[in-house]
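First chain written, first letter: the chains are A, B, C and D, and each begins at residue 1.
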Amino acid sequence: MSTPAVNFSEREFVIVQVSRLLEAKCIYWVGGGGEPLASVLLAKRTRVPELQYLTEDGVVAPEALVPFDPLMTMVASRANYRALQWGTMNYAADIAHLGYVDYGILNTLQVDRYGNINSTVVGKYEGGEGRRFGGPGGADSIAALAWRTILITDQHKRKFVEKVDFISSPGFVDGPGARQKRGLAAGGGPWRVYSPWAMFGYGQDCQLMLQAVAPYVTVDQVLDEMSFKPKMAKKIAPLEPPTEEELLILRTQIDVGGQVTDRGRWIELKDGKYRFAE
Amino acid sequence: MLIREEGKGEYFKVDPDGFRAFVRENKPRATVSKLMSEREAVEKFVRDGDYLAYDCNYFQRGPSSLMREVIRQRKKRLWVCGKFTYVACALLVEAGCADRVDIGFIGFGPWISRAVREGRCKFFEYSNAIMTLRLKAGAMGVPFLPARSFGATSGFEYSGCKLVTDPYTDQPILLVPALNPDVSLIHVHQADEYGNARVFGTGIAHQECALASKRVILSTEEIISTDEIRRDPGRNSIPHFVVDAVVHAPFGAYPGTVQGYYASDPEGIIEAMGAMFRGDFRDYLQKHVYSIGSHAECLEKLVGAQKLADVRRRETIREGYGI
Amino acid sequence: MLIREEGKGEYFKVDPDGFRAFVRENKPRATVSKLMSEREAVEKFVRDGDYLAYDCNYFQRGPSSLMREVIRQRKKRLWVCGKFTYVACALLVEAGCADRVDIGFIGFGPWISRAVREGRCKFFEYSNAIMTLRLKAGAMGVPFLPARSFGATSGFEYSGCKLVTDPYTDQPILLVPALNPDVSLIHVHQADEYGNARVFGTGIAHQECALASKRVILSTEEIISTDEIRRDPGRNSIPHFVVDAVVHAPFGAYPGTVQGYYASDPEGIIEAMGAMFRGDFRDYLQKHVYSIGSHAECLEKLVGAQKLADVRRRETIREGYGI
Amino acid sequence: MSTPAVNFSEREFVIVQVSRLLEAKCIYWVGGGGEPLASVLLAKRTRVPELQYLTEDGVVAPEALVPFDPLMTMVASRANYRALQWGTMNYAADIAHLGYVDYGILNTLQVDRYGNINSTVVGKYEGGEGRRFGGPGGADSIAALAWRTILITDQHKRKFVEKVDFISSPGFVDGPGARQKRGLAAGGGPWRVYSPWAMFGYGQDCQLMLQAVAPYVTVDQVLDEMSFKPKMAKKIAPLEPPTEEELLILRTQIDVGGQVTDRGRWIELKDGKYRFAE
């Protein structure tokens, strides 16, 4: 029942990785759409049907009817189907303030050594010279209020930077204790960063630490696609490839149109090894 | 309760006493019919220079037909509450209606940097939940509310928030300034002619937005009787006395969805998103706004009966939507 | 944001971080059945020395059967949230269960002054809305909320409130300390076995109370399926993960009313009010609490099928109560 | 259609007076039961059926089904019947904070020169020596947040005092400007005090001013039942007696059991004059 896949995209890989972390005994606050929501929906359809999540519009533990129409991941009937409760954005924030959100799952434009998230501007903020993006959306609340955050991004030098150009949503800011000094609750903060090539955690010093890599890249390749050198775990583990079963569900039930997964490079299993397809 | 740090962003004036005085003088308490056309509602209640909020967005149970009317009437110098939104702020800025936006999340693209560089629009930084919390403060009639997020961001520096010492725990805590928009646009499932209204499904901040605003324009899918409103008072989230205009606008959220009533129109959404990513709304505005006189005409000429039937048919879920 | 004046009343500790840590360690997120008897629920979740809140009161959709169980188990040194209440606080103090009460409104009589003189109970002064605002602060996970009332009262001096300078308007404004009770008792119309719950009609602060409390005991008129809960999510105001125990208690508000389900029993109310005005609850407690083993026995032996049918029959209004 | 009544109680008199003030174009927040609610219900059944009021449990503009069971004036189906909205206590407070409540109608134990209200203790607060009552309930919010308050109390020396023993709910505190200094909103405050014998208003100096008296008492009788001398209006007007029509509705529809009205003395019309019945 668990056949390693022979062909998958980078996005599919990362969605599968995150989906495997998710547990029935936790509550997740999921960023609006994209890989975070796909991970959750995949986990619900593979291992943990009872998985509970919130989104920004205050939906509590829906049994979403996939697939969705484009962008219809919130305030939409299929996304919110058969929820335990329908609330509002302030209600979702209340639940998170109270400590009920175990994990937040987010994607981002840029992340830095301390796990700070930039979704506002690449380049200089003032004067409109940088390239401007849409702002934190719900991510600031998730990053501040969930006990742990799981971040998803791509493996590129411009995405893993020493210091983000703008902190849209907080990681550990600039080190231990910094969150509380700026008014955030005790505890909480970044926990994992997933890219299609690697998985990172954080040490006691609140700094990003490489912990595992995908079977189709080397540690050096990962480090080459970072603007800074992260801390390294004592042992770098391998990430397990997706299974055919996981991909089938992802492709046929969740991301049918390929809106989320059909980006990035493709990987194939050839001669017993995973490598980028040509 | 010392102020430790303050954002340097300009923010819309916090004035709970001014709001109360406005309510006392201007808001009709009596149950009088407020039914009017979208043209009349926007002419009467949206003014150049207003702070304008809308609930949800152009794609999700938002007041899309009212937004098009605001643009059609070429309102100017609006300051917009840009939370949880894809194209609405881009439309308002690019059409020359808005020159300030408080950001939670807005659909991005080349238009933003261009608007900043050309001095056509200023952006102030918040997050979605911080903006709805600002509306909640406004809806509670208090000048601020505390929160335990946002303090550790760069956005804080460009906002109207303050970091103070909590007199109860002696720890730093964020305060957000109350937001009481001059006018808000809210699209609902059902309302009576006085403005008593129901929203089904999840929401962003419809009740907060309605209570916090000096003037409120509702558009509604259905006009129902006050008798029906009184039959299930637990379903009603907006009371008539905060409402100034009720516009009967079936498919008022088009091209967006209204949960339980109709699905979104993917084509219409892709058309708007495409304009935004290209950074050029001229054709979109010409076709969907300026060349059309009203929402009814939009449905008749641009959308058509076939598509309307289609978006209704595709909304198969009825459970929980009071129908 | 200077502190201008502070009440000198002792107040229950404000500790949002402690609450979060408690939730993280102790509140089960998984959907596990929490059905249990009132005895087990009160044994497990009400502890001597707890701060206890209840929603509504002994006469109006309150957790009357749970209150009787708290007294039956002779809990001690409770600190009680005494808002919008007629006899509940009197019962708890006179039965020796409570020794501190935060007052919004409590049923009065000779018992209060006697309890103060004898040192059996301390009272702290607030108002009904200020107490529900304290619960709202607790339910929002913040240490305080501002309000524009209460500052000009004598009660302020005997409260935990503070008058500070608002950094946005430079005017004086009141802050109320968040209240996060150790335990709350809430009676609802419908709940599933996990604690997802519905309340129909008006309310005092059931949602705030549920979210703000470390431990929550629900009693419910009806147990419904989770399937039914999911069919109309807009009706649900309490999510399962804040709930620790679900007690199936038909007529759990007796002698009080549950809107839409049954009327109050005027005889039962007069009996309790009479005891309070006489200042002697001994007979009342003996008859209704100590000589009875459970709520089921109370209904069977003291109330009887005839009266239960009668209070149901007299509740003729069904509209809006989801039935 | 408007026959002066020949026989009524002091309570009936005061309820009728207050009911006559009420208008369709205003919103009232009504204290929980007693004379305030009876006045509102009477106004709805005589002159202004469209009258809108709130109570503390967040009910908006109900069409209450009278009579009620004892104490069942809130969180009860007949009291909340066919409302425009069902809310909660915090919701009622929000509406009032925003300035939508034109008038609050309250009763009280004690009132003083500046319109401050005591419902907490008669005598010394500390040590439990005074006679203790139930606290402000919802009255503090009403007195602070309504634009104007209408207070109902009995005409007794111990009820009209120079300075209340305890301010449970604020009047003008100690004079002009005092409310704002203590954090209350601008404007607002006491407007009328009704006893079964008299009607008072307030001058610019925020002090109680006798404005009208009932037809069965003299100004001196009123002043004798006050612990302080109020300001006097230039002309003391007479209060009009209830009509038979008003009393019929009050007695047969609203206060059928006499729980509210059957206290105080009775007044009769004899030889063309109103006087206390023996």
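Here is the rule we use: a residue touches a chain if its C-beta (ideal position, glycine included) is under 8 Å from a C-beta of that chain, and two chains touch if they have at least 3 such contacts.
Quick caveat, the model's predicted, so the values are computed rather than measured.
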item: Chain whose Cα centroid lies at the greatest distance from that of chain B; value: D
item: Rounded Å distance, chain A centre to chain B centre (Cα mean); value: 29
item: Centre-of-Cα separation between chain D and chain B, whole angstrom; value: 41
item: Of all residues in chain D, the ones touching two or more other chains; value: 59, 80, 82-83, 86, 93, 97, 185
item: Where chain C touches two or more other chains, by residue; value: 16-17, 141-142, 147-148, 171, 173, 201, 231, 233-234, 319-320
item: Chain contact topology (line, ring, star, complete or other); value: other
item: Interchain pairs in contact, sorted by label; value: A-B, A-C, B-C, B-D, C-D
item: Contact footprint of chain B on chain C as seen in their complex; value: 1-3, 14-17, 141-148, 162, 164, 166-169, 171, 173, 175, 177-178, 200-201, 231-235, 319-320, 322
item: Chain A-facing residues of chain B, complex; value: 56, 59-61, 82, 84, 86, 103-108, 112-117, 125-130, 132-133, 136, 147-156, 158, 163, 171-174, 201-208, 257, 259-260, 263-264, 266, 269-270, 273, 315, 317, 319-321
item: Touching residues on chain D, where the partner in the complex is chain B; value: 24-27, 50, 52, 59-61, 63, 80, 82-86, 93-100, 102, 147, 185-187
item: Complex interface listing, chain B residues touching chain D; value: 16-17, 19-24, 27-31, 139-142, 196, 211, 226, 229-231, 233-234, 236-237, 239-242
item: Residues of chain A defined as touching chain B within the complex; value: 56-59, 65, 69-72, 74-78, 80-83, 86-90, 92-93, 97, 120, 125, 127-141, 143-145, 166-170, 173, 178-185
